[in-house]
Amino acid sequence: MSETAFKPLGRNGMAARAALDIPEGWYVNLGIGIPTLIADHIPAEREVIIHSENGVLGVGPAQEAHRPNPWLVNASTHRVTIRPGGAFVDHADSFAMVRGGHLDLCVLGGFQVAENGDLANWAHSATEAGRQIGGAMDLAVGAKRVWVVMEHNTKDGAPRILKHCAYPLTAARCVSRVYTSLAVLDVTERGFIVVDIIPGLSFEELQARSEATLHRA
Amino acid sequence: MSETAFKPLGRNGMAARAALDIPEGWYVNLGIGIPTLIADHIPAEREVIIHSENGVLGVGPAQEAHRPNPWLVNASTHRVTIRPGGAFVDHADSFAMVRGGHLDLCVLGGFQVAENGDLANWAHSATEAGRQIGGAMDLAVGAKRVWVVMEHNTKDGAPRILKHCAYPLTAARCVSRVYTSLAVLDVTERGFIVVDIIPGLSFEELQARSEATLHRA
Amino acid sequence: MIDKFVRSMAEAMNGIRDGSTILIPGFGEVGQPNALLEGLIEQGATNLTLVVNSAGRVLPPGAPPNGHVARLIDAGRVKKVITSFVRANSTAGAWVKAGKLEAEVIPQGTLAERIRAAGAGVPAFFTPTGANTLVAEGKEVREYNGRPCILELALPGDVALIEAWSADRWGNLVFRDSARNFNPIMAMAGRLTIVQTAHVVDLGQIPANEVITPGIFVDRILRVPANEPVLPGQGSNS
Amino acid sequence: MIDKFVRSMAEAMNGIRDGSTILIPGFGEVGQPNALLEGLIEQGATNLTLVVNSAGRVLPPGAPPNGHVARLIDAGRVKKVITSFVRANSTAGAWVKAGKLEAEVIPQGTLAERIRAAGAGVPAFFTPTGANTLVAEGKEVREYNGRPCILELALPGDVALIEAWSADRWGNLVFRDSARNFNPIMAMAGRLTIVQTAHVVDLGQIPANEVITPGIFVDRILRVPANEPVLPGQGSNS
């Protein structure tokens, strides 16, 4: 079978796939980047309460152009709305929700995930000039579940599903599920278990694109 | 001079004397008992903001009988009012005010005060069946200034102004001033300094009623 | 549709197990969830640890029936209280004296901060409160800012029983005046947070800037009539 | 009569000393006290440590003039930033790379909790956030609940600069929507807390149940026009 027979999920495809698995009633933080797109793929009638670390619980859709409110932004500093039933809190209370274990889920972007659940998503080396930690370490440690959404491989084709993370860690043993452009993987005691593969890609082809050993469900 | 020539201050007399020294603008916690009476002796036009540890900042006078509000009490569980400009907060925020050093003053009742500023005001022994700590330890450690209002001597005539406290401590080296039924004493590096004595009582007579050495101002 | 309201007290109390730590707010009876405490007395869980600001008021001669906390103690359902007040001449004091009730008596601010820490994911913190006192016994001491400080641990609850003034179906809460006291931090610190509310409002009726306890901290809500607090002079013995 | 309002920016900035630690709230520019930052730039204090969530946004090609934090850095007035973001291609990033600016980059929740701890009199606390990462370097580690936790210290400020929506003369504050962010906890943690407010209200107009920052945490207030936040896409470079 030719490798051109499959079509990797794009950013919205990954977001839509992850959105399928979020049930009504969960309190969820969506990280910057692809995870933020997940909100657009949750059906309006399914009540999922979105937390933004800048102190917004119950984030709604983007603002309408004719009703601007520059004082209401999400963690990506995009202008958003707040749903009826939402609440504004200060930064300590916002992170009390995160660190106190009150979020059912956070979905983060990732650079690398290891088979023991280690996550690297904030730096490519210990010495780079910029350091952008933000709320990722708090979310990775504090949420009840941590999912990661990311391309299965780097632009150069290098694997991101690893035996050990090479980049500086965000948190150890925190990830329970990974949504990539090619598959959905659970992180378990046995390592990565393949939950789902995109149409046209075989288990062996997925394994060839991963460094860690994958297991069948 | 006969000892009957002087008249010790009563509860309201001590409260009134302490009230004289509280300037406008201070944030003040008044402990249970005599300290609570101080509020009645602060002139209405002098804005002093009273903190109550159950989460009331800006405590006002007692409720009028025809406008009861059982949900608004002070730390003595007396029904009180709140002044315009007051605020309700939760218990953690209330004690953040106390422990974070934001109160200009707390006035506590006392059993014993030592010349190094040690305060004992919550228990008569380490083993008594009841233990009533309340907010006293937080207030004694956290407020910018700690004043104590108490009878100069016990009912049996034993001194309360001591070299060392005999009862379990509330906090060490915390008291800066003591208002008693007989005198006002500052606690300094040198020990107790007499600021004020009630009319008719001599320095020597005051010393005779105190265990710690008193110093003239 | 998210709906945290339950239909009965039995549903509200469902699953509370023997040996649980129960967080009970209130200052005197103000903010104390008396209806839920009735439910807990009825429900039957025993061997409880109660976290409550005051474990019992003075029993005046000829006092009316005990308050709810004292009733739980008197029914032999409580193994331990963690509190800032145990009065010698109270139900709790009598049980402590008889060696039938363990009491951990701690400063009120430390109590509040330990509860808040549990809700905020802080497992332990240092504080100068209680240093050099009986409260420091057995605790690690370290100096900060030139002052001795003691290490205190977070105090989570298996269950928090909360009294609110108004609630919506997501569990957003507001409280009435000084009835707020321990309610917001105990709601945060309970693994299972159960609310009694005097009033029910539609989603959005509590403005987002005025929510005191966001619904994320709330699991179940039961509507009950307003819980008018009885003051000590009126016979309270909480 | 208590009146915390000052009449001029010079009065608001009076006494801020070289070497001070300055707490600066805001998430992007939302909730950032830009008028007071202008005042600080004018006032001249130098050798400052800034505590701010983000020490600088990306500089797009042909970007408009820097935001206020970047302007302070570019003027050589800042020796250190304590922050959760330093981007490589920002003013702060360039100064860090050149070895002219010290940066302590920490998790955002740890930043918030350290500030809150300072305001609440907690000198130090343990947290699992950052354990097993570069953030843990040099920090004490201790296990709680089966997880490694690191010891973090309170982070007080000599000065906190606050942006409020409304204020009264006692210093009670409310904030607008997500502009609340770091403002309440920084107000608590500042030894000198200076507020810019868009609106002035009479005492009592903010209901006691709706006050967000009680006046006890506020020292000085200056009325300034509403500080409409500029978003990154609009050229912000805070």
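Order of writing sets the chain letters: A, B, C and D. Residues in each chain are counted from 1.
Here is the rule we go by: contacts are C-beta pairs under 8 Å (C-beta built on N, C-alpha and C of every residue); 3 or more make two chains touch, one makes a residue touch a chain.
Please read all numbers here as calculations on a predicted model, not as lab measurements.
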Fill in: Intercentroid distance (Cα basis), subunit D paired with subunit C, Å
34
Fill in: Intercentroid distance (Cα basis), subunit D paired with subunit A, Å
28
Worksheet item: Just curious, how far off is subunit D from subunit B if you go by their C-alpha centres, in Å?
Response: 36
Fill in: Touching two or more other chains - residues of subunit D
113, 116, 120-122, 127-128, 175-177, 180, 208-209, 212
Worksheet item: If you look at subunit A, which of its residues touch at least two other chains?
Response: 82, 88-89, 92, 95, 98-99, 142
Worksheet item: Touch graph of the chains shown: is it line, ring, star, complete or other?
Response: other
Worksheet entry | Pairwise chain contacts, counting only pairs that touch as defined | A-C, A-D, B-C, B-D, C-D
Worksheet entry | List of subunit A residues in touch with subunit C within their complex | 24-25, 27, 47, 49, 51, 57-58, 82-89, 92, 95-103, 142
Item to complete: Show which residues of subunit C lie in contact with subunit A when the two form their complex.
Response: 1-2, 118-122, 168-170, 172, 188, 203-204, 208-209, 211, 214-217
Item to complete: Sort out for me which residues of subunit A touch subunit D in the complex.
Response: 52-56, 69-75, 77-79, 82, 88-92, 94-95, 98-99, 123, 126, 128-138, 141-142, 168-172
Discussion item. Show me the residue ranges of subunit C that touch subunit B in the complex, using the header's touch definition.
Written reply: 27-28, 30-31, 53, 84-90, 93, 96-97, 103, 105-110, 112-113, 115-116, 127-135, 175-185, 212, 228-232
Discussion item. Can you tell me which positions in subunit D touch subunit C when the two form their complex?
Written reply: 113, 117, 120-128, 142, 144-145, 149, 174-177, 180, 208-210, 212
